[in-house]
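In the two assemblies presented below, chain A is common to both, partnered first by chain B and then by chain C.
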Partner chain A sequence: MNTFLQLCFGGLALGTSYALIALGFVVVYRASQVFNFALGELLTLGGFVMVALCDFGVPWPLALIGAMGMTGLVGAGIERLVLRPLIGRQVFVTIIVTIFVGMILRSLVLLVWGPSPVGMPTPWDPSASISLWGANVFYSALGAVIAGVVTLIGFWWMINKPRLGIGMQATSSNQETALALGIPVGRIFGSTWFIAGAVAALAGIFLSMFPRNLDSNLGFVALRAFPAVIVGGLDSIRGAVVAGLGLGLLEVLAQGYVNEHLGQFGHNFHTVFPYLVMVLFLVFKPHGLFGTKEVERV
Partner chain B sequence: MLEVTNLETVYHGVLRVLRGVSLTVPDGGVVALLGPNGAGKTTTLRAITGMLDIHEGKVTKGSITFDGHNLVGKHPEAIVRLGISTVMEGRRIFPELTVEENLRAGAFVAPPAKLNDDLDRFYTRFPVLAERRHGPAGYLSGGEQQMLAIARALMSHPRLLLMDEPSLGLAPKIVKDVARLITEISKDGVSVLLVEQNATMALELSSHATILETGKVVLEGASETLKADADIQAFYLGMGADKTSFRDVKHYRRRKRWLS
Partner chain C sequence: MPTRPLVTSYKDDSRLFADIWHKIAWTLALVVLVAWPFMASARWLTIGTQTLVAVVGAVSLMILTGFAGQISLGHAAFMAIGAYTVAVAGHVLHLPFWLGIPMGGFAAAIVGLAVGPFALRLRGLYLALVTLGLIPIVAHILLSFPELTGGVSGISVPMHTGFSAVEGASSLGDMTAAWHVAGLELSFQTKLYFLYLGIATAVCLAGVNISRSNTGRAMMAVRDSDLAAEALGVNPAKAKIMAFGISSFFAGVAGAMYAFEQQYITIEPPFDLHMSVHYISMIVIGGVGTIFGAVAGAITLVMLSPLVETLTAGLPILSDLTSAQRSTLVFSVAVCGFLIFEPLGLFGIYLRIKRYFLTWPFRY
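Moving on, here comes the complex of A and B:
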């Protein structure tokens, strides 16, 4: 039972990060139908900015907020400089551009901070854990869940403000019509990229805490959150959160219970499970749990 | 109120569409802008609403003023805030959004305090929309969608409503409803610039009309006068001249040259 609880906490911690990353994908996709392949690099960037701020002597909570804000600004900057001029072009073009923006970001991170892994500073002893109902839970895992939930609530509040929420939906449905109604499409895109950058930084910071490290490959974790995006429904924020948490749990439980029986597949076999779920969803329920179905009149 | 003077536009830097279009919409008036496909009607609307940009077009000459404000080079959002609202061609409702979300999107620039009153007002006016308020707007019939598009455009409290072919693709009965609605809107004190291919309806509703052909104004005047004009009857209203001989076409061409 204790093992089960412990795995559940680990799963929730991982799931929160997945949920945050999925949210970063979804929020941009919802407004602009662009799948942002540069998001993974924003994770890495957020992590390194955090380390730099802490090295600089900024108190930890402030550094966390600062890293989120700065990464958000980088996101909004990318949107303003690179993507805004592409408004009105085919979405496909923009998506390809995000791949290259990601490559550039990755190279910049390597250039500035180098390839060697760094430990993420924490205000608590990195390997300390707390006993909850008999399960040993890392402080870092607990911190991830708390920070994630606080951010998700804040985000929920933001998009339910009538103007931003409806503006995002209208923009995603048809940019030109939204523009004709006086909705500032550019600013809506900017805010979605800011949000994506900020949540990516948060996810990046907690994902690179003990027992893991921060290095320039952190961005690939974003691809592990990909199933959460599909399973939740590409444009559903609720779906991103639910599927992120669910798949995080699934992955860690699989690691705890299934891996030992499937030793011949290698010790990282658990990472396959979210993808299996994704494939099942793609086959049987391609709109995901809460995704919008296309409306078509015959 | 709206004053368009000698407007010229290009698309992609080379394609000239408007070659000196002038028109005026007086306060509280209904003005029709008529013309065949490709005459530049929609382009004129895009120039007024600041939407040329995203179609890679721009105004090269002329001016557009609204109550003394220059509109050329202004962002669409700023233009909507000045009180100009558009019903785009082909309705363009947001199909995945509910009826109510569509209306709320239209109220984006309006003060949020008035939102509920406005919604109630339109639901009373269009009972069909009230019935389907929480259903996806894409499942409305064509006529209902047109009503929704008009209601949505009115949510921003415009003083000038631009309508691009509101009768397009609608059943004759619905076209009559739309026509009645346009009269009501103008009675409420909103000026209307009506772009139409359905000249009969447009001349019926408007006090003044401008006819465009290949980017130029070929005729303008009081709608009553234009309705009686033999050329208009022959070319736009499908009546009058019993046969369209080559000579008549030439006569018309000649007249176009004199007038432009």
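Moving on, here comes the complex of A and C:
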């Protein structure tokens, strides 16, 4: 039972990060129908900016906010420079452009910070853990869950209340009508990318804490979050959160319980399992858990 | 604006060579291609061979994405299946390469036909991400049988010409030995180049023929609007599954060619998301929807990276990166610029040049 609880906590911590990453994908997709493959590199960038700020002597909480803000600005910059001119082009053009922007970011990160892994600074002892109902939980994991939940609640409030959130909802339902009603659609696109960047930085920072560390390959984690985005539904924020948490749990539990029963085939099986679930899921529910069904008019 | 001779009948419309200029261009291209191995240095001969592999891969993706409009990020998975089929066929069964290449194609086609039905329910991004899922799944399956595929450490790809391994041939098969024909020494690289030239030409012709046949027209109708196509009596399900089958067959062939060219293959890299993206950028840069675009894009992208590597070697800021990373950086910037400023790709540039000469001396 203890092992199970321990795995559940680990899964939740991982799942919160996945949920944040999925949120980053969904926010941008809802507003501009762009699937941002560069998000993974924004994760890495956020982590490295955080480390740089901490080395600079900035206090930890301020550095966290600074890293989120700066990564967000990079995200908004990418939108303005690269994706704004591509509005109205086919889906796969935006897919490729974001992948290549990701590769550029990755090269730049390598150029500035080099390929060697670094530890992520934490205000608490990085390997400290507390005992919750008999399960050992790292402070970092607990911190990830708390930060994730706070961010998600803040985000929830933001899209339902202020002008920006209402504007985002309007833009996602119909860009042209939103523009006609005086909503600054361009600025909304920029803000969604800012939010995606900031949230990605947060996920990146917590994902590179103690048991793991930060190097230029962190971005590949974002690839592993794809099943969450798809299963939750590409345009559903609720779906992203639910499926992200589910994915984290599934991955950790599969690692704990399924891998060993599959012999040779089970080696690293937990990394593929989410993809299998995704494929099976889509056969029966092509638009994910909470995604909107496309209605086609002739 | 006439961009081709006046079409007065269906026969004119579906002609393989539209006019005398097309025939001249094909002949010139063929002359250059045949002369290439005797003029280029060893390095550029290898690049030429790699280009031919890329041409086959790009044509196969063009059939799926350019003709049928189905976005696939799983191209690398199909190529991996083709590559590993020939590797295992050569290693374990000692089959000759001319049997291995079609086998690789069929193995990939079987998987492609299994994936095809997904396209009936999914479209756009959802399909792209499901096909992306193919890459880790296929990689995992290949890694799970290390006694057959060599696992993480990879496998060598022997190239036999006959059914049994010849005495005294190297472990890479007897195709690697040089031939002497009419006073000319044909090295392994040269032989491989001509073999691939034949395959690539055949695949390109097949692609052109598909695009002007019933099958290809059905695919294009489905791409433009599958509801309208269905109303006109085209069966979208058949067209989509057919596109997946044909495309993955050629992708498997390209993977097999890649394996023989590399002589030793591992799973990741090269068969990862980057390879899929590389092929998608080929068809987008070349111009989506034409075989010309696939060929032009493949040639440009494969030739570009060695050029970039040579050109940026002396730049001060970039010298911290390895040559591959440098080429990735410059190359990514180039592709982004291309996508932003030249939507129709190389085909668009070609059309503009052609139009200039057609209307000469007038400006429009």
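Definition applied: the second predicted complex is superposed on the first by the 278 of 298 C-alpha atoms of A that agree within 3 Å, B and C clash if a C-alpha of one lies under 4 Å from a C-alpha of the other, contacts with A are read in each partner's own complex, and residues count from 1 in each chain.
Criterion: a contact is a pair of C-beta atoms (placed from the backbone, for glycine too) under 8 Å apart; a residue touches a chain by one contact, two chains touch by 3 or more.
All figures in this text were calculated on a predicted structure; none of them were measured in a lab.
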Using the superposition on chain A described above, determine whether A:Val150 touches chain B (first), chain C (second), both, or neither.
-> neither
Touch check for A:Pro184: first (chain B), second (chain C), both, or neither?
-> first
Chain A residues touched - chain C or chain B, whichever exceeds | C
Check the residue A:Leu132 against both partner chains and state whether it touches chain B (first), chain C (second), both, or neither.
-> neither
Is A:Ile87 in contact with chain B, with chain C, with both, or with neither (first, second, both, neither)?
-> first
Given the touch rule stated above, what does A:Leu280 touch, chain B (first), chain C (second), both, or neither?
-> neither
Identify the partner contact of A:Asn174: answer first if only chain B is touched, second if only chain C is, both if each is, neither if none is.
-> first
Could you tell me which stretches of chain A are touched by chain B in one complex and by chain C in the other?
-> 294, 296
Given the complex with chain A, which residues does chain B contribute to the contact?
-> 49, 51, 54-56, 75-77, 79-81, 85-86, 88, 92, 94-97, 101, 104-106, 108-109, 112, 115, 136-139, 152-153, 156
For chain C, which residues are in contact with chain A within the complex?
-> 65, 71, 73, 118, 121-126, 128-130, 132-133, 136-137, 140, 143-146, 227-228, 231, 273, 277, 280-281, 284, 288, 317-318, 320-321, 325, 328-329, 332-333, 335-336, 339-340, 343
Across the complex, what residues on chain A touch chain B?
-> 87-88, 162-163, 166-167, 169-170, 173-184, 292, 294-297
Within the complex, which stretch of chain A touches chain C?
-> 29, 35, 82, 85-86, 89-93, 95-97, 99-101, 103-104, 107-108, 110-111, 114, 223, 226-227, 229-230, 234, 264-265, 267-269, 271-272, 275-276, 278-279, 282-283, 286-287, 294, 296, 298
